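Taking it in order: structure first as structure tokens, then the write-up.
Going by the order they are written in, the chains are A, B, C and D; count residues from 1 in each one.
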């Protein structure tokens, strides 16, 4: 009953097998390995983007921070949702890599911006006024931090706002696969067709050991990205081990299968939770993350039974009346089993 | 006949086995995994440093840059050998992480500083003169970039110069194991007993897939290091895969065995090379790297036969007289075989 | 009828005379001039702070950014009012000098934080959670950007919140003198006695040509500040011209006289404005800045008559119905004359 | 007998008069003052550069650091003479403003680079090698730190080397006027015609109170420069006082007159010094700075008589034999009098 984070799960067997297989003999280092050539071709095909450049890094914070630094000057505002990972969970990595940037928060229910809110916040940054931070770029997240998903059309509407202001767009896709399978969109319409210039394409949370791809749709920015990656300590020497993960991940739709499994388990979690009297959703559950209110007594019972998950926000107290509703986050991953859900359902049903 | 870099070799079987083994079930992320607790204990015991803090990162550039940033203020000079990796091969990562620092080069034959040279260069930085970069810290490298090794006593003499100027000391130990087995020193005398405050302890080049430990002997700096690591994108989410590599690496002396193998193969390479008429060493060969001059004709024959290594420096030309001596770097790794050496010896003997 | 900014006014005659007087012969450069010794003594006496260190810089952005960088680590949150100059008007100078910091906005009416709001916002920064920006420091502004003033007791209450969280406090006192004369406080109770660790003490807006003092109450931070000032390009070579301004400014209470004149003129402006039917205040007028609503027709008349001031916020339109209320900012300075106020009163009275 | 620095001298009467004159009434702040419009026109005419953009800042470190940051990416090498001000005397301001850059030293006698040395050092930076700092830009200094002067043709030869490598060129002209009058060059041939893209045009050392112009010959970089200036705290609020200095400086050739006076006094100093038995030059004296060796006894006598100047380098000792030669730097400024030279000559003649 491990629902704390998709980072707590391991690597899928196919990923592990690929690592074992690539581990023989010598291979060129620093990204010149032949596996990386195949990965590049895979990504270009999947995204219908034959010119795209592809780089691998270790985690999502890195993919995000390097992407933002490549597209946003030090004096530029990065418009992000107020609950975005770049704002809340990266200890200032974007500001550090950008060289002293400013994240400007766009409010919005359920982890999502509306085009109007985005337009309004951008408009509040004066144009050509030297005393203020300038308009820099927009960063979106899909699957959002609230577990909701922008369908391609919503993403495109936000991209259009950015483009109408001549701003580049980054997409934090740490859970890109989950968003894709949730909406039956294809990768191209969920990225560059929606105006995305640079994409953090997640692997780690979805069954890899530790790898994310950065996909740059305009190759003119590629060399700068390479230098920023090296300079940030993010160019792997034995790079074949990143490549091998990503190759396996993209082969035969493994990435989509793993994401579908996680989403399905989360749907089952949702059903289990909503069966509890007094339970209700905090956000719509659209991918592999569930935010819901449960009575404190239910939480106590679940945790006592060994279920792992976080009260969300963190600062709620387990002390207090049994029937007061506390909100919590439950994450299903590629390896969450139906048995885990069933066990959990059983525990909370008996409240 | 792969002698281009120890980064071209793979992961040792024990490392791969450890990765496979740790890949089951759930584990706390971001360094809270139980394997990391064991790694911490191992490092403390090996270094006889019960208070030391230990952090894992992906590669040597990261270990170095974070270490320097933790100990050197933005306005401080980092004294390094003129051929140091931090100066030559990190695309300014130290300057970036430090926040605009300055590397000050200490000259020295065979990749090594002398205490006198270090003292002289430090003395050239005026004290308390606000117009100049201030004295910051000293960084040493062992095994050096020239393939030579500081015995513990030489390291201690350099450490003493630093301490006499109240400067902290970093040791770039990307090939720490190779230096250790080359001199039969123990880890403590090769680090904190020689005045080292923070150590980049290499694993990647010596048979790991991709992991380096940073060992901080004064725990007062540990939290700052953690924040810098996170902020640099260097905190792994599925951290157990770093821990598992390091645990296996340190278990039953694997790290020393692998380094000894590499050093032994390099010694055999040295013999093979010196058997060529006109060949001579560029630097003493003391660990797993050999710098030597060979006639251009010999290089041609070797490369034609499929031997991989770099002319060093890079800008020498393969065009020219047969018997002109060109210098080259040959690196042996944990997995270099005697057969490879023999084959290479045979190729170059026939010159 | 110049009410756009106190930066549009010139230097007071006493300041100009001091510049002329100091302009003879040679003087040690870079702050070693004897006038600076006298300035240091003046500041220490005025602030009853015999240990304080004092540095002169060119403007308020510099004083603020260097102060924040000296007290806040790159990963620290700077808690500021949502309308603070550091947030709105410095093009990211704080983030740049801090090395990638984050400003966290504290809401509050009339440009002022309440202790409760400050406490709540600080509490929302998790303690010891490596993934998030850490608690860094608090910066307050007095006179605030809304033209209101914290009395010493209110300032002390905010300082107490900061201290209870072990956070240092900066005070942006670009209009410190105006706040002081508005409340009859003394400099010590308006600064270090209220918990202020470092103060931007403004001169430029209040009759100097271009000089601000940074007062550091704990001399342990002084050398770092000096290095940051030099490194930021903010150490003047012919420093005597900064010293001379500040000396004259602090001599015989000139600074207080000038501020009192500005505040008095603003009070007269307030009366003139409130005499207009439909006019009302946007914020209480407590020092030398007035925020008020006037009918659009009145603004048209005033501007047509040559009055200079800004609609506030900027994005209001002069097109529209005559009697719609538009808000504006009016700033009086040390050199605003009663005649200017009278002329303005006459223009707007005839609406 | 003040020969320590041209920063010890004051402002010329014409500069002071201009400050007094501009000090009446209101003026738009932040560079929108009408005087600045006139300055821009003056600079464009003097440099025969009708498109050039012109910005004023407080001192030379600022002019240099902002210029380098505008033209060099964070991962770029700045090629400078080994004794350049940016390397020796700015406490890392260039590295800070660039965002972690690296200064690469070009050796050369008498403070000057040769085209060959520059070409060789640039060539040592590998092209397109992601592991190393990249080629960034070239910065030259005229008058050099050794008091020598590049004639326009020498400057152009260096500019050509830079251009042949596609590198932009900055000129540190803190003593630009002195170089100009020393060679009878005109401003255009000493700047953009020689390949200079951005110029630090000094005023402070040559009779201003504190102002330098940055001249950007390609206006495409102007807005970025403006943002960097603001963000660095270098946009003056009461900007008219910078403009007024620069306007007076450029009016009726004042800047050239002042520089000629300084150069002439330095020539007289040279004669006086060389009249001392055992004296000899350290570098050719070509502008307003003299580097020469004098017997220790002569230095003792001169200093005892109240002469101010620095032994150069600083770390020579006044203790030792009378007749040992110690090197020193003597700087003449616009206000050095013939009487001072005569008095000094008399003191040292009697050795």
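For the reader, a short list of remarks on this structure follows.
Basically, a contact is a pair of C-beta atoms (placed from the backbone, for glycine too) under 8 Å apart; a residue touches a chain by one contact, two chains touch by 3 or more.
Please read these numbers as outputs of a predicted model, since none were measured by experiment.
Path length between chain B and chain C in the touching-chain graph (shortest route): 1. With chains reduced to the mean position of their C-alpha atoms, the one farthest from chain B is C.
Remark: chain A and chain D have CA centroids separated by 51 Å (rounded to whole angstrom). Annotation: 42 Å between the Cα-based centres of chain A and chain C.
Measuring from the averaged C-alpha position of chain C to that of chain D gives a distance of 34 Å.
Looking at chain D, one finds that residues 30, 74-75, 90-92, 96-97, 99-100, 130-131, 134, 227, 230-231, 235 touch two or more other chains. Chain B meets chain A in the complex at residues 2, 5, 7-11, 16, 19-20, 22-30, 57-62, 65-66, 90-93, 96-97, 204-205, 209-210, 227, 230-238, 240-241, 308. The residues of chain A lying in touch with chain D in their complex are 30, 73-75, 99-100, 130-131, 134, 224, 226-228, 230-231, 235.
Put simply, chain C touches chain A in their complex at residues 74-75, 88-92, 95-103, 123, 126, 130-134, 314-315.
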